[in-house]
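Next come two complexes built around chain A: one with chain B, the other with chain C.
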Partner chain A sequence: MKKEEHLRKLGGILGPFLGLLLVLAIFSLMPEISGRFLRLANFKNVAIQSVIVALSALGMTLIIISGGIDLSAASNLALSCVLVAYFIQAGFSPWLAALLSVLNGGLIGFLNGFLITRLKVVPFIVTLGMMGMARGIAKWVAHNQKIDAPITWLNSLMARSPRPSWLLLSPGIWLMIIMAVVVGVLLRKTVFGRHVFAVGSNEMTARLCGVRTDRVKLAVYTISGLLCGLAGLMEFSRLTVGDPTVAIGLELDIIAAVVIGGGSLSGGEGKISGTLIGVFIMAFLRNGCTMMGWPNYFQEIIIGAIIITAVALDRLRHGQE
Partner chain B sequence: MKKRRPDFPVLWLMVFLILVSGFYACGSREKAGEQKASSARYKVAVIPKGTTHEFWKAVQAGALKAGQELGVEIFWKGPQKEDDRSQQIQVVEDFISRRVNGIVLAPLDDRALMRPVDESMAEGIPVVIIDSNLQGDNYISFVATDNYQGGVLAARRLAEVMSGKGKIFLIRYLEGSASTTYREQGFLETVTREFPGLEILVKDQYAGTTTESAYQLVENLLSRYPQVEGIFAPNESSTFGALRALQDSGLAGKVKLVGFDSSEKLIQALRQHQLHGLVLQDPMKMGYLGVKVLVDYLEGKPVEKRVDTGVVVATPENMDQPEIKRLLEPEVKKYVR
Partner chain C sequence: MEQKVILSARGISKSFGLTPVLKNVDLELKSGEVRALLGENGAGKSTLIKIFSGALKPDSGVMSVEGQAYCPESPLEGRKKGLAVIYQELNLAPHLSVEENIMLGQEKQRLGFVERKKNREKIKQVLSFLHHPEISPDIPVWQLPIGARQVVEIARALVSKAKILIMDEPTSSLSQEDSRRLFEIIRSLKAEGVGIIYVSHFLEEVMEVADTFTVLRDGEVTGAGEIAGTSVEQLISLMIGKRMEELYPEPDFQPGEVILKVENLQGQKMGSPVTLTLRRGEILGVAGLVGSGRTEFLRAVFGLDRIKGGLLIISGKEFRPRHPRESIKQGLGFLSEDRQVEGLALKMNISDNLTLSRLDFYSRYGFLDHQKQKESARQLISQLGIKARNPEQPVWTLSGGNQQKVALARLLHQQAEVFLLDEPTRGIDVLSKAHLYELIVELSRKQKAVIFVSSYFPELLGVCQRIAVFYRGKLVDVREREQWTEEALMKAAITGNTDNSISKAKVDRME
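Take a look at the complex of A and B:
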């Protein structure tokens, strides 16, 4: 029995991983781009393009495991992107601007958690409201335009070739790896992580067992908000401007990454490794379709089909339990 | 414990089938142009701001026309979501990875696209900028409409139909939109310099991005200044909004209206003398010259740093002349399916 349980867990991660390999295999077999696709430079390129979605998807994984959802992730990210630009333009040091905008992301997340636990309104509605509010504040701060901030070292965080070359990868990619390990350890190796799973599997039982479910939720949304703030900082680094209209609809990509990676929208299930693979599947599909010169509608159809099959699979697994 | 069906292969089989069928679909569609593609001297990526707007369809037609004539394979690819700066950056990066021979880019942002363009130039992939400007000058050439000149022509046309005197509105489009700001500036400076008989009643009101917001603005201005005799609007949506407001208040045809860019409804209004002039850009020429200039550069010929694609004024009188008709209704269908 123990062995079978182990195998099932392996299967859960093996599925998405095989999918990623398949996507890689298909594009590297395309004669037009076979020499270009499987190159270290292109992999670095895709990794940089994944950083923003990956950082927010780490937080989204926590939220989805706890049985919630965060529709405000992309708006939170855009607000943080605008705030960095705003603070730098106002003469703050880049360090302080970055810190404040990440903290603001945490504040938005905290507010989400607070409203969900105190008002007893479902996460979908609270974060739907917050999605509009954060986006609106971002546009307000930026006067409905983009903010041109002077170039600082923050803008080299996402450069394709890192400034001190001994870094090998750009700082943004390192940040993504470090945060993935941190959140992964938090989820798997700590009491808090156990509690997150408990709340998502059965909140009532968790509460009866003495888990302070409201506190767990508050922490989960706050951590997720901080990660969105960090993603917004990376978005600013990439754009070099604070753009309040950036990442519209990105929350759906973020949720899709978690779901493709084995997260269940009914809570209690999800993996950091799976989520990252979900992010990379979508990033490589975009990258490959663009390199092939395929039209956009084609890649939208593929990604849409993958999401549906992944969720159908999720239901199937649940039906069997 | 119940025996579990190994479920994940089902998913990936499906994905695989989708990909393979997609690959075949694309492959068969491209078969027609295969001999062309294989003999193409260069591969050029043309990256617009969006892919659904009429204007960009015309740019695409121009680029494909240049591709056919010069033996260049054209990759037409915009950001997945219209006007998404971040995704346009990704598209540029992906084409750098693909190592196309050159990129023709209409930057969504004069600043955010600087770094990807710098990277492309550094990797030896030349970039030609079309339509909207990019800060700095690390590119091969800038091929675009002279928007200031468009404003100048609009002012002259409005003065012509008003016989050089009367009260007018200048409707502005959007704060921070570079191309329309140049048009407004060209209009304003020409009116003050050349036509002292024209009195500008309004010059600081913004119409906003939609027809609806322009419509409301002009409606409000009409009730505030009923004595107005002429209006200039600097783009398609504001022109159409102004036209709708004039039509609703029964002033269409009486108040002279000069607009910018064309659409089916505006052509109709021009024919009915409700619209007295339309300043037209040449998006097809923009797409064509963007590719042409890039190929010239690749072949070592000298290229101009700034290429003007020209503006003309369509009037109810000249709208059936072939060269104006071509701009009012670009023959997009001939090149774009």
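Take a look at the complex of A and C:
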């Protein structure tokens, strides 16, 4: 009986994990690249490329579990990226510039949550509006061009070879790992986490049980906003400029990662481990396709097919229960 | 006009699983006749209607429409044969206009284009026949008052040339004025030779509008005949019959101090203010029909609806319910009448559902102690005899009775002192019901207080100490259970009339 339960729990994560293994297996069997693909250096490379999507997807997992959606994630990220450059250019210390831009991300998230709970407008619409507004503000701040900022230590956050070298991995990767653990613990081990699941599973029941559903949602969107701000900081670190047109359409990748990892758009379901696997599946696909010299559109077709397959397989698994 | 039989049903039987719902039911309807179909909740009326309409197939029995064998495969086929059902919750598309709703699926068209002019004429004609020429065909249905929406639904049936109209509780959401106008419509329809099956709880309306009646009880026809020469009392006794009493545990009430006092409480959705007191160790039954204001009263007390006025006093202290969170802390526990939609988070597991309202028992600095939580869940599962493999099983995998026990166990877990139970036995099997009665009486022995709302009056008479009756938004009477009979409760609930001649007579006889 115990075993059965473990298997059932594992079932949710097993599917995405096998998917990831399959992607790895396919590319490592390609004779043209097999030598380079399965190298540690390449894995580090993919990990760095995953940091930005992964950080935003952590927050998106919270939101999707609570039964919501955030279309403004990528715009929020771009605004934060622009703000870091703007503040540094204005003479702020890198620390302060980073802090302010991350907080701004939180503010955007808070606004999303506030409008959703107060105006009772559905998340899709509120965040659709916020997507345009945040992007517009980013372009406004940057006068519709890239903001060049002097090189600071912020730019080494996403370096491939970390300094000091005892870090082994780039600080950005460490940040991704730490945040994943923090959000995972928040979701699985705390009262707040149970409330997030309860709100997404059945908001009326949650309210009946005394859960302050509005506060839970407000917190979820704010946390997610902070994570988007952090992702924006990483984006700046990678680009070394504040680019208001960066990450256009990235919100769909972020949502796709959560969904591939077992998140349900009707709420109440989702896993941090699943989301991370979803991020890596997409990152390895891009990486492998690029190495093979396959054109961009090929990647797009494959990723599209994977999203549908992942969700269909998930439904199938549910049907068996 | 010569009245001929337009609908006849012989020997209709239907079971869901092992439970028989209809047993050998006969019914006949003539053209121009209004036949009342009567019975308590769960007597089988809805099932019979669904069989007539084609939504369900009978296990046995034969039907005919205008002398031709009738065995519809779907509601659509029923419609084509001239049979239309007007359900309690109306089936209209709120965003479409009156015209579009009436013509939906039967648009007059040529080469795929809607012939608006012909449609329009037809609708005008029908609406004025229904005494409602003022309804504009162009406005969207959601802008109409509820009475007018019903007219639209009837108009739709007429345009489809229905000869048999089944109306399920048509006046339950109408004002008296709208009901009056509906009766006029029914009379016009009769004159046109339409046969009507009229389902209603309001017996006085039935006396006014119907020609004949058929009474169902526990799936069987207990009586049929002409309305003329039959009294309301006779109809009620046909509906109730005799019942087993063994289901109910022997209560011994020892009421303690007053724990809940409600003074002129007026919730946002309540029809009129309510005053009540509740003692520890007491079970107060609340009787009334669906929509009589019982649920709205409970929800206001628990802080789910806003309070407009009045006082709520819990253990001597004034309490203004704003959010269920505060109510739970004050010792109130609420069981929703709809466990599927509101009461339970079906996708979550038993353990989370049981403990959700008081997770703080298991938290330190916001972190949950899963082991402790599961341990409590296990205890509750065995204490209430919930049939489950383990606490991590999702709630949707449980049977209805066991789901309801989970919902009730949550209130025990949150250490409620006042239990507000809204239809706790709805839709569960007899054995689970008996078990729930036992649990509720056990609560009173432990000096908790219970308010028990139900549409099924025998169970209120079986387990409650006092019974209050709601009628059309108003609390009309509260009495000790000895002063109620099922007839008197039924009469009060369906007429609002609390003249207690029946119960007095019975009490006198007992003495």
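The rule we apply is simple: the second predicted complex is superposed on the first by the 307 of 321 C-alpha atoms of A that agree within 3 Å, B and C clash if a C-alpha of one lies under 4 Å from a C-alpha of the other, contacts with A are read in each partner's own complex, and residues count from 1 in each chain.
Note that in this section contacts are C-beta pairs under 8 Å (C-beta built on N, C-alpha and C of every residue); 3 or more make two chains touch, one makes a residue touch a chain.
Values in this document were obtained by computation on a predicted structure and should not be read as measured data.
A.B. asks: After superposition on the shared chain, which partner residues are touched by A:Ala231: those of chain B (first), chain C (second), both, or neither?
C.D. replies: neither
A.B. asks: With both complexes superposed on chain A, which partner does A:Thr190 reach: first (chain B), second (chain C), both or neither?
C.D. replies: Second partner only, chain C.
A.B. asks: Residues of chain A touched: more by chain B or chain C?
C.D. replies: If we count touched residues of chain A for both partners, the winner is B.
A.B. asks: With the two complexes superposed on chain A, say which partner A:Ile248 touches: chain B (first), chain C (second), both, or neither.
C.D. replies: Only chain B; A:Ile248 stays clear of chain C.
A.B. asks: Which of the two partners, first being chain B and second being chain C, lies in contact with A:Gly268: first, second, both, or neither?
C.D. replies: second
A.B. asks: Under the stated touch criterion, which partner chain does A:Gly293 make contact with: chain B (first), chain C (second), both, or neither?
C.D. replies: Touch partner of A:Gly293: chain B, not chain C.
A.B. asks: Would you check which partner chain A:Thr205 touches, where first means chain B only, second means chain C only, and both and neither mean what they say?
C.D. replies: second
A.B. asks: Go through the superposed model and pick first if A:Ile173 touches only chain B, second if only chain C, both, or neither.
C.D. replies: So A:Ile173 meets neither chain B nor chain C here.
A.B. asks: Under the contact rule defined above, give the chain A residues that sit at the interface with chain B and also at the interface with chain C.
C.D. replies: 1
A.B. asks: Please give the residue numbers of chain C that touch chain A in the complex, ascending.
C.D. replies: Touch list, chain C to chain A: 304, 323-329, 334, 336, 341-348, 352-353, 356-357, 359-360, 363, 366-368, 370, 389-390, 392, 394, 397, 410.
A.B. asks: If you look only at chain B, which of its residues touch chain A in the complex?
C.D. replies: Residues 1-2, 4-12, 14-16, 18-20, 22-23, 26, 45, 51, 75-78, 80-81, 83-86, 89-91, 93-99, 109, 111-112, 114-115, 119, 175-176 of chain B touch chain A in their complex.
A.B. asks: In the complex of these two chains, what residues of chain A are touching chain C?
C.D. replies: Those residues of chain A that touch chain C are 1, 5, 189-195, 197-198, 201-202, 204-212, 268-269, 321.
A.B. asks: Sort out for me which residues of chain A touch chain B in the complex.
C.D. replies: Residues 1, 4, 8, 11, 14-15, 18-19, 22-23, 26, 30, 33, 36-37, 39, 41-42, 45, 48-49, 52, 144-146, 148, 155, 159-160, 235, 238-241, 243, 245-249, 286-287, 290-296, 298-302, 305-306, 309-310, 312-313, 316-317, 320 of chain A touch chain B in their complex.
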